[in-house]
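Below is one structure, written out as structure tokens, with a few remarks after it.
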Amino acid sequence: MTDQTPTNTARSTLSSAKADTTIIHVEGVHKWYGGFHVLKDINLDVAHGERIVICGPSGSGKSTFIRCINRLEEHQQGRIVVDGAELTDDIRQIDNVRREVGMVFQHFNLFPHLTVLENCCLAPIWVRKIPRKEAEATAMEYLERVKIPDQAKKYPGQLSGGQQQRVAIARSLCMKPKIMLFDEPTSALDPEMIKEVLDVMVELAESGMTMLCVTHEMGFAKTVADRVIFMDGGEIIESAPPEQFFTNPQEERTQTFLKQILHH
Amino acid sequence: MTDQTPTNTARSTLSSAKADTTIIHVEGVHKWYGGFHVLKDINLDVAHGERIVICGPSGSGKSTFIRCINRLEEHQQGRIVVDGAELTDDIRQIDNVRREVGMVFQHFNLFPHLTVLENCCLAPIWVRKIPRKEAEATAMEYLERVKIPDQAKKYPGQLSGGQQQRVAIARSLCMKPKIMLFDEPTSALDPEMIKEVLDVMVELAESGMTMLCVTHEMGFAKTVADRVIFMDGGEIIESAPPEQFFTNPQEERTQTFLKQILHH
Amino acid sequence: MSETTSQITPARAKPWNDPRVRSLVFQLVAIAGVMWGGWTLVDNTLANMEARGISTGFGFLEQSAGFGIIMSLIPYEATDSYGRTFWVGLLNTLLVSGLGIVAATLLGFMIGVARLSSNWLIAKLSLAYIEIIRNIPLLLQIFFWYFAVLRNLPSPRQSVELGGLFFLNNRGFYLPDPIALPGFGWVELALAIAIASVIALRIWAKRRQQATGQIFPTGKVSLAILVTLPVLAFLATGAPLDWTVPELRGFNFRGGITIIPELAALWVALSLYTASFIAEIVRSGILSVSKGQTEAARALGLRQGLTLRLVVIPQAMRVIIPPLTSQYLNLVKNSSLATAIGYPDLVSVFMGTTLNQTGQAVEVVAMTMAVYLTISLLISFVMNLYNRAVALKER
Amino acid sequence: NTTLENIREKGHLQCGVTSGLPGFSQPDDKGNWTGIDVDTCRAVAAAIFGDASKAQFTPLTAKERFTALQSGEIDMLSRNTTWTLTRDASLGLNFAGVNYYDGQGFLVSRELGVSDATELDGATACIQAGTTTELNMADYFRTHGMEFNALVFDTSEQTVQGFAAGRCDVLTSDRSQLAALRSKLTDPNSAVILPTIISKEPLGPVVRQGDDQWFNIVKWTLFTQVNAEELGITSANVDEMKSSDNPSIQRLLGTDGDMGEKLGLSADFGYNIIKEVGNYGEMYNRNVGPGTPLDLERGLNALWTEGGIMYAPPVR
Amino acid sequence: MNQPTVSPPKAPVAPIQWMRNNLFNTWYNSLLTLAVGYLLVTSAAPLLNWVFLDATFSGESPSDCVGEGACWLFINQRLNFFIYGFYPEDQQWRINLMFGLLALSFIPQFIEGFPARRWLGIFGMTGLPILGYILIPGGSFGLESVPSHRWGGLMLTLILAYVGIFAALPIGILLALGRRSHMPVIRGFCVVFIEVWRAVPLITVLFMASVMLPLFLPEGMNFEKLLRALIGITLWQSAYMAEVVRGGLQAIPRGQYEAASALGLGYWKKMGLIILPQALKLVIPGIVNTFIALFKDTTLVLIIGLFDVLGAVQSTVTDPAWQNVAIEGYVFVAFCFWVFCFGMSRYSQNLERKLDTGHRT
């Protein structure tokens, strides 16, 4: 199964152009939940510094896909290679990959029993074995970058949703990951808060971080994405630079989807 | 404190013009939460059939204010007279007022253990002592009016947010209230559902019901409001008919606020 | 404006509609009711006791008890007073409750975690344990353990013996009783030094971690210090410790420390029974921590063990504490079942023998209930303090 | 209200007994109680109502018995209770007589090879809770300069189980019980009853203080049974005896005199007692005497005329 | 584009594979498995022998019990007593009828989709006690009167537990409402009541109820002993129930209270129609758990001389005719309790699971 013929348009010209600096390599990945086929033959190469937005209807497998990239879900067929390490059952390997991959969840998933600062320092101290002082300094740096240094001593429960999501981003950044995964980072937020978070993400994108982002914020996609990927029914239907994606989608399903969300 | 000099522009020309048919009279109302001064010298007269939209930044006391009108919160100074009855400690009085005032909450607050129909009939049967048959007939009428007669036998948990909010409106209407209070009735809804609910509210407004509505749906305000009131920091800052409010706000704070929400 | 206000109904509420007046009346009625009830109760009791010639007052506490008690943490003779039997019983209750709480907590946590084990056999066995132990009355379990333990132990003459120092038979487990000789002060000193240096080590390790990021294996090193230093001192000063070794004289062993089978059986039964409840509490506590938390921790690269220790357990604790408190209270109350197997706890000694000898039921029962109330309130208080400390800070 | 009036009103006599002690009070699985203590209650019920079945029984543990009597929960306590000064004087109770003279003895395992109580230094003793046995043990060992460990159980069942399991060297109890308890052992021959008797245990019914009429009724019910045995009246011949011309018998059976009225009872209360329950000797033999599981000789409990100390004042 | 849906790779189902995954997935799991397995095997055989293979099940008299195994004959012979106590044999049909109705109203609660399940449950909670009140003591409708001192055995256990739980529920609800009252005095009384009752052991409560109560009451005023035990158990239980119900009340969002008030419902209507129905439904598992606890605690009535099932067994093991049947007796009692408690605990767990995923707003 590993030498699958490329049946879809996912490996577009762009990715092959940047293939020499590939940091994520996904090849013929299939996944099932019981008998339910969630991911069907996913192929994707992400280059260093590339910024990819994934969109698609609910239940199309977007979350599942990016969760496979840091092995929060196991794929059952195909290969995923992240930063040169293939994801297999090897726990060491997985832990190594996870260190390099930051993830921001839709519901923040901050640790409510720790302060914002402690949230940010936890992994650097226990995983990277960085001295606490140093870890705290780094954390403060990132908290400043997401513009909430004054909340450092508070507990997550005391912050607004937008602030919490910014802490979640800072927490991931503190591990200095090579890749950031975002799973609908703004969909649990009030309209006012969305902007705060998007601003931070745009800034991050501009600094050249490799990013995979599941989102329906089309404004964001237009501004920062190198490529927009459209998934449906567990397949990658279309993959194109944003200009082309929004103005001239190739597939019919993409067209109907775009009509729906842009109209809304 | 009751003979306060009018320190703000709230008692606008409109209200005094309709003074003979005043149904809600609010005079010099102050309220504190512990040491925190939430409402500061609120004065407002609402005429029969008037439709008022209240807006303002978060925490400005909008909810607190309309909750004072049916005594879900107690005010500590000033007078509130609703439909000829002053709100004091007298429980009878309060119950009488509440019968005449319907309230629709942001989070619907439907009773999950009762069907939609039972939700609607509960108060008419137990408070107004209307025979069940009759109450059910009325309820079905209002459910038709909010366009969900077919959901009558379902439980709230089985409905979408927009449907739930429409049930909440029907539930209030079944008491045949003279006044309806809405506290951000659409802000807990998905964008698709908002329209459903706004449509119902517009229709209601057209039927001549007295309405106080806290909302940031400026489209709604423009279409139906007789007056838009802007609150900030517990005070009424500005009160004007929508045309004037949106095109030519008098106060600086209103201007910045409008800029913010219309821009977003 | 004024013309609108003129037709308004008066602002004053009728007194019977004013909630403040209503609640005042309710409360006054309640106070009166309770006072009247309390007074008639006391009055009746006094009148009845007077009429039946029952002696009252706490004078009996001074009288000589005249009966023996098999186990006492404080010196007790048959000639001591009834008041002393109260303390003997109380201390025995506290002893078995304390031991029970510790064991039940440890066991309960273990089984609770085992219930979620990936080993199918372990998980199912834990489930079986919980479902069997939880659903059988404790009284029966106490009988079971008592007679199971007794029947399987040899008589004193056939004692199981360990190095001539420890003896196990159906009269109990006998240990040598240490008696400090003059030089023993050095050993105590060494222990103190060891404790101090462990504290210092911990502080140093924390500082070093903050400075350089290296994590020092404080746990193992501390243990080593705590053991070696006192042992070295002990050997260096020529083992200045004497032991009263239990020896078989007549029917039984004398000397040394004895752990009687009643204590052991009660302890085992209470611990096993309560542990089955604690296990369920722990399991639901762990499950109550949302999957998102584990995922977030794993996504940050924290390993399974660290995830449990740093993220899951601290959050589970706040779900666990309140029901855990109730279990502790239950354990203390259940220790009163001791009376069924002859363990001399408060209910058995004081509300049993002493009550029977003196006949002063009202006083004795009141004292006993007061003790249980105090213990319960103390436990609740301590657990509430802890709970407040681990409670989540919210807006 | 006097106790007697209360009982008449209720229609039955509420009597406190043990929850199961062979020969003294024990229910069968139909709810019928038997035993010498039970018969004492039934005799009192017969005296009051002319119907022994009007007695109802409340099983009590040792530690509950006095409280139950003091509180009025029961009308009389007939639960092999030892008559002592403290109990008589400070518990607000009165002992109405003795229905069984007992003494405390020891049951020891045969393999210990003990033949006398003085060899028991350092022993562990299984004792049943809330009895004078605890105090007697402490006194006995103290006066003999011996040590012992007292292990106190709540019920006799557990006491004997503890002994059977080897938890203690010696089981101490009233001698009347030792035989019955020994019979519960898997091998009754593995244990022996020592000849030593360390205490006097006069067991008898108890009533509350302050109602002398009731006290007298219970007391004279007992005396009536003893006197009847002395006069040769049994439940079998009581009807014939009614026509006896012995004045003592006539007074006892109520065919002559107003003995009953003096107690507030009917004239023929004595006849009723004997007819329904029998004389003391019958009661003894039926419950604990030779041929019963307890198989106890009369001993001290024989009539004074036959070398025992059962002696009743005359009905006169 | 039309990717054929591929079926998932075959899951490993072979027993060997299953064992490797579930029993021997790591070295310490393997060790644990072996150790536990050894223990199980060595202890199961003797137990099996005692309970079944070497046991005596039928016969006429104690002497038929020979051999090493259990003497179930003893249970067999005394079963009537263990179940009905001293209840007259010719009247036992009344108890049987009650047992039948009890089973009929509660067993369907375990069966999803049983017709009229809900109504049977409601009958169990309302009709059944009334019927029981008429049937069990008798004395009316031409039924022979059976005084309470003749009740006993399993039947008494069930009566105690049943009355304890269902009488405690309303008191518990009132206490819980009182504890959340805005009136400090009422709240104070409720808190004190709850905390005091929860703190004292049931033994002392029963002791007070059974032998001391007449001391506290005016001369001449008295209730029946069983009734007093029931009152003691009920009050004690109501304190626990109050805490369970309070948990439910706390879980109801404030919006529900507000919506009810905004509709003009007064305090009692608000509680009765809106809050309590939701709160009670939420805490059914908690209520069942208290029921289990109480059910087990009824064994303590033994201490006050009522012959519940344990008391009945204990009183027969003192019978000189039978020797060394105590273990069989206790095992029987344990089994009786286990069956009932396990059933209830399963029920509450199912409910918990159902409520967890069930409709919620």
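Should a chain be cited, it is by its letter among A, B, C, D and E, assigned in written order, with residues numbered from 1 in that chain.
One rule holds for everything that comes next: a contact is a pair of C-beta atoms (placed from the backbone, for glycine too) under 8 Å apart; a residue touches a chain by one contact, two chains touch by 3 or more.
Source: prediction; values computed, not measured.
Path length between subunit C and subunit E in the chain contact graph, taken as the least number of steps between touching chains: 1.
More C-beta pairs in contact connect the chains of B-E than those of the other pair, out of B-C and B-E. Overall, the chain located most centrally, as judged by its C-alpha mean against the mean of all protein C-alpha atoms, is E. Of all chains, B has its CA centroid at the greatest distance from the CA centroid of subunit C. The most distant chain from subunit D is A, comparing centres defined as mean Cα coordinates. Spacing of subunit A relative to subunit D, judged by their CA centroids, is 88 angstrom.
Inter-chain spacing, taken between the CA centroids of subunit B and subunit D, is 84 Å. Averaged C-alpha coordinates give centres for subunit A and subunit E that are 52 Å from one another. Centre to centre, using the average C-alpha position, subunit C and subunit D are separated by 43 Å. Within subunit B, residues 91 each touch two or more of the remaining chains. With touch defined as above, residues shared between interfaces to two or more other chains in subunit C number as follows: 48-49, 51, 147, 339, 351, 361. Residue positions of subunit D with contacts to 2 or more other chains are 67, 70-72, 154, 161. Those residues of subunit B that touch subunit C in the shared complex are 16, 19, 22, 25, 27, 45, 79, 81, 84-86, 88-93. On the side of subunit D, the complex with subunit E involves touching residues 1, 6, 19-22, 26-27, 29-31, 56-61, 64, 67-68, 70-73, 154-157, 161, 180, 183-184, 186, 293. On the side of subunit A, the complex with subunit C involves touching residues 70, 72, 91, 95, 98-99, 101-103, 105, 107, 109-113, 122-123, 125-135, 154-155, 157-159, 171-172, 175. By the touch criterion stated above, subunit C contacts subunit B in their complex at residues 1, 3-5, 7-14, 17-20, 22. Considering their complex, residues 48-49, 51-55, 66-70, 78-79, 147, 150-151, 153, 155, 170-171, 249-252, 254, 261-262, 339-342, 344, 348, 351-353, 355-359, 361 of subunit C touch subunit D.
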